[in-house]
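Every chain is named by a letter (A, B, C and D) in the order it is written, and numbering of its residues begins at 1.
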Amino acid sequence: MANRARVLIDCNDQKGLVYRVSKVFYEHDLNIISNREFVDKEDQHFFMRSVVAGDFDAKSLENTLNKELGGRADVKVITPAKKNIILMVTKESHALGDLLIRYIDGELEANIVAVIGNRDNLKSLVERFGIPFITISADGISREEHEDLVMQELAKYSFDYIVLAKYMRILTPKFVATYEGKIINIHHSFLPAFIGANPYKQAYNRGVKIIGATAHFVTNDLDEGPIIAQDVISVNHRFDWKDMQRAGRDVEKIVLSRALKLVLEDRVFVHNNKTVIF
Amino acid sequence: MANRARVLIDCNDQKGLVYRVSKVFYEHDLNIISNREFVDKEDQHFFMRSVVAGDFDAKSLENTLNKELGGRADVKVITPAKKNIILMVTKESHALGDLLIRYIDGELEANIVAVIGNRDNLKSLVERFGIPFITISADGISREEHEDLVMQELAKYSFDYIVLAKYMRILTPKFVATYEGKIINIHHSFLPAFIGANPYKQAYNRGVKIIGATAHFVTNDLDEGPIIAQDVISVNHRFDWKDMQRAGRDVEKIVLSRALKLVLEDRVFVHNNKTVIF
Amino acid sequence: MANRARVLIDCNDQKGLVYRVSKVFYEHDLNIISNREFVDKEDQHFFMRSVVAGDFDAKSLENTLNKELGGRADVKVITPAKKNIILMVTKESHALGDLLIRYIDGELEANIVAVIGNRDNLKSLVERFGIPFITISADGISREEHEDLVMQELAKYSFDYIVLAKYMRILTPKFVATYEGKIINIHHSFLPAFIGANPYKQAYNRGVKIIGATAHFVTNDLDEGPIIAQDVISVNHRFDWKDMQRAGRDVEKIVLSRALKLVLEDRVFVHNNKTVIF
Amino acid sequence: MANRARVLIDCNDQKGLVYRVSKVFYEHDLNIISNREFVDKEDQHFFMRSVVAGDFDAKSLENTLNKELGGRADVKVITPAKKNIILMVTKESHALGDLLIRYIDGELEANIVAVIGNRDNLKSLVERFGIPFITISADGISREEHEDLVMQELAKYSFDYIVLAKYMRILTPKFVATYEGKIINIHHSFLPAFIGANPYKQAYNRGVKIIGATAHFVTNDLDEGPIIAQDVISVNHRFDWKDMQRAGRDVEKIVLSRALKLVLEDRVFVHNNKTVIF
């Protein structure tokens, strides 16, 4: 018997959805702690996230909701629990470090089960936190061979999300497909500006007055996945591209942590390559 | 028979509120266009704003909702229509001008029925827009006498809100009580910093790095009313207080217009001297 | 004899530039009210903007500075005076209106000598402010024919800048070349994201969480000119593209006015398709 | 012989200051890498920060500048070097952790020589980074006794700045006077709003829509010292005060790190309880 659950529902919109769902809550004698709905007008799709409290069995609540909604909805009743995440990194410490500090602090609703790096310079930092760091070098092997090694390593763990905390290698479609909807990336630009390599150099060359960062789910199209969070900071002519990079790091780490928090709290729906966030 | 209405409900929280309300919507065969709820955990107060569409009589829908909620809720069913507003100004044109341009553009969900100024320097600007401007000078008379004249003028109009668009005089408790919950002010600081006179000079003297503006409902306590909207901009040591004032004007006008839009769209609940905004 | 001037200098960097310039100021017994310098490290280019006060002849100061700098610098001594600007518009009133209100208020360091529209729906608004509005319809004629008419009209005026206040037509290279460095545009996106038509629809489709606006000088490459100012606001999944457009208008008008202010105060250097702004 | 130095000058304004300083640079055959000046109009005070490069002796350059300026200026020629800092903390890890990660990364232009806590719960985190953590409990002793112990500990180190990274105890005038101009604090509100205890609870009770953080030098007046940096984030009615606190942490840590960077790079002048920052 659970005490609290997050109920996520999405389906084609129709009259009476809120009524049907709230009726089920009412009949189960549940308190609605919070409740948010949204209808995507473009294709009449309905989204709902409720947090409910009471004495109930999560599985049976899910079944009842499914039945009430005629089996046409995607219903999830999630009992809050720490999720397992794996971080992938290359050489920069800021995004990784921000997550480690939150983790140690208990602020992160997740267990960091391992960190995988294609270099080993962050190994010492990670191990200080009692987290295994696995170096899988890409030197002298093909992208596919490298990814196979990474996937073999990943297969050893049970995890909910892979967080690319400044992992600077491009993933193959095979890798992305294997962990579909489970990979979160931080891109160091305000997407869709400056897709691809070295966005700060691009930003510097273009002479922009604001730079940003974008956290998104990874799909096959590079830097084209559903955006979860973005933020920006002001720059000016005195910033060369390295200054932009330095300043951008603060935005990157905050945006990634913020996006991860939203995902871990089951607040993010993905639909039509966009996100609905409650 | 209406086609669309905004339904506003607030009451003490209890189990089944969303269920009861959505049941009424369902039984009236209404589409829920949007739906937002919130429970203030501090005193267990429930707020809900729905936009519904269908064939219905607004008054009868309100009655049914009232009955369903046991008469203990504050229920309003509002058919969207332009509200009437009166602006009060002193001498600065930026907030006034911003509203006038939106008004002419049809962007404002309101009719500006009159502008009252305690000086006449904005008369020419206002009259260009075909709006009556009434000058009520405060010279040589007491605050009470001046306000009596203003209230006599206000009595000639039917209006929903008074918008203080940089009206630089302090209102008496009598005035505020007369138009309780109907007066919106823009204060030229990030409240509660710099309450009172010349906030920009105060900000300059304190050496702050950010200045702001606050739109709020007016209550008897000067600058202490429920906050509707706030925004800020960065400043630095090169700004003297007049530069801060100039820069602040852009924030003031945008914040006031944004707050007014929220109020006109019936998105703002006031509770415990705070706002819940959907 | 002037009392105050803005001195703008840019040239290849070399040792002693600040020394030479400040020596001239010192020998002319001038007060330096403000002084800002910058060296672009990429190509060792030097920029300086000083505001000086004293009894001096602007032309002779310019000559002395030129001589002192060996004739290799671009030197301008500008006695502050209102510049003349011409606005070009299509149908939206927000950017135009913001400039009109500032103009009437005396806040704009410029005279608006005329407004040219390719439609006439803003004529009435502009004429309320005593400014000539010239409608030059593009209906039934080629882009080149239309621009010829516009250029014939422009030829009647003496002006320093053309401000495209939501002028929604693309300019030909001929037009741009004719008024090189004199055309300021507001683009309704955070460039370089969403170049081209209907950026808000593009932003909506991409599911971004932040939208923005960019004021820039116009060059032949569409939306590729030197950026003067940018700003952004947050959006979310509840915004359809029309909501984004509405919200974006506030950013557009503020960014355009801010950029224009910088240009009118002679604070903007253009170099390598980027701006240095003091 | 140095290669690069930061030259800081402040004095009463007078004609020819830039000329005199740049003449010295020129005669020493120095390159000016960057140069910024400011005159506080209120009391005609001049500030200048130059970064110069060349072959020179720092002490002799300082002497020459002092002589050239008639001994009336405060002149510092600083050869960039890592400064020593001591952190003081209580129980929250976010600001401390942010500094530790930057430190390990080499991003901080400082050595963290020690961390002093009035509790020991952050000891394990700090020691992972090879930095001594000294617990000095305040339990059962007076504020003065506790501070004496802290000052005895501080006396063991050579340091340039004390950084209060969420040190939650009030300092006595004696302590502040001992380390005058050397203590940097992060206050968890947008000062001067919400001075004193639990600003987030105050912010929640006031119903603000934006919260912030302020990094400042500590003076005897609690939360009244010269402000170095501030930043804000948006909140809404769904945030209880604990949510505000959580959200505020990201602002606190970024603002503190940003302020510390400015101080470590010798970019901050303090004058009249305000800062001039280049």
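Some notes on this structure:
Criterion: contacts are C-beta pairs under 8 Å (C-beta built on N, C-alpha and C of every residue); 3 or more make two chains touch, one makes a residue touch a chain.
Since the model is a prediction, treat every value here as computed from it, not as a measurement.
Chain pair with the larger contact count among A-C and B-C is A-C, by C-beta pairs in contact. Set against the C-alpha centre of chain A, every other chain centre is closer than that of C. Rounded to whole angstrom, the centroid-to-centroid distance between chain B and chain C, based on C-alpha atoms, equals 35 Å. Chain centres here are Cα averages; for chain A and chain C they lie 41 Å apart.
For chain B, residues touching at least two other chains, in rising order: 34, 38, 238.
Every residue of chain A that touches chain B in the complex is listed here, in rising order: 15-19, 22-23, 25-26, 29-39, 234. Listed in rising order, the residues of chain A touching chain C in the complex are 38, 40-42, 190-194, 206-210, 212, 226-232, 236-238, 240, 273-277.
The touching residues of chain D, counted against chain A in their complex, run 34, 93-94, 97-98, 100-102, 104-105, 107, 125, 128-129, 238, 246, 250, 254, 257-258.
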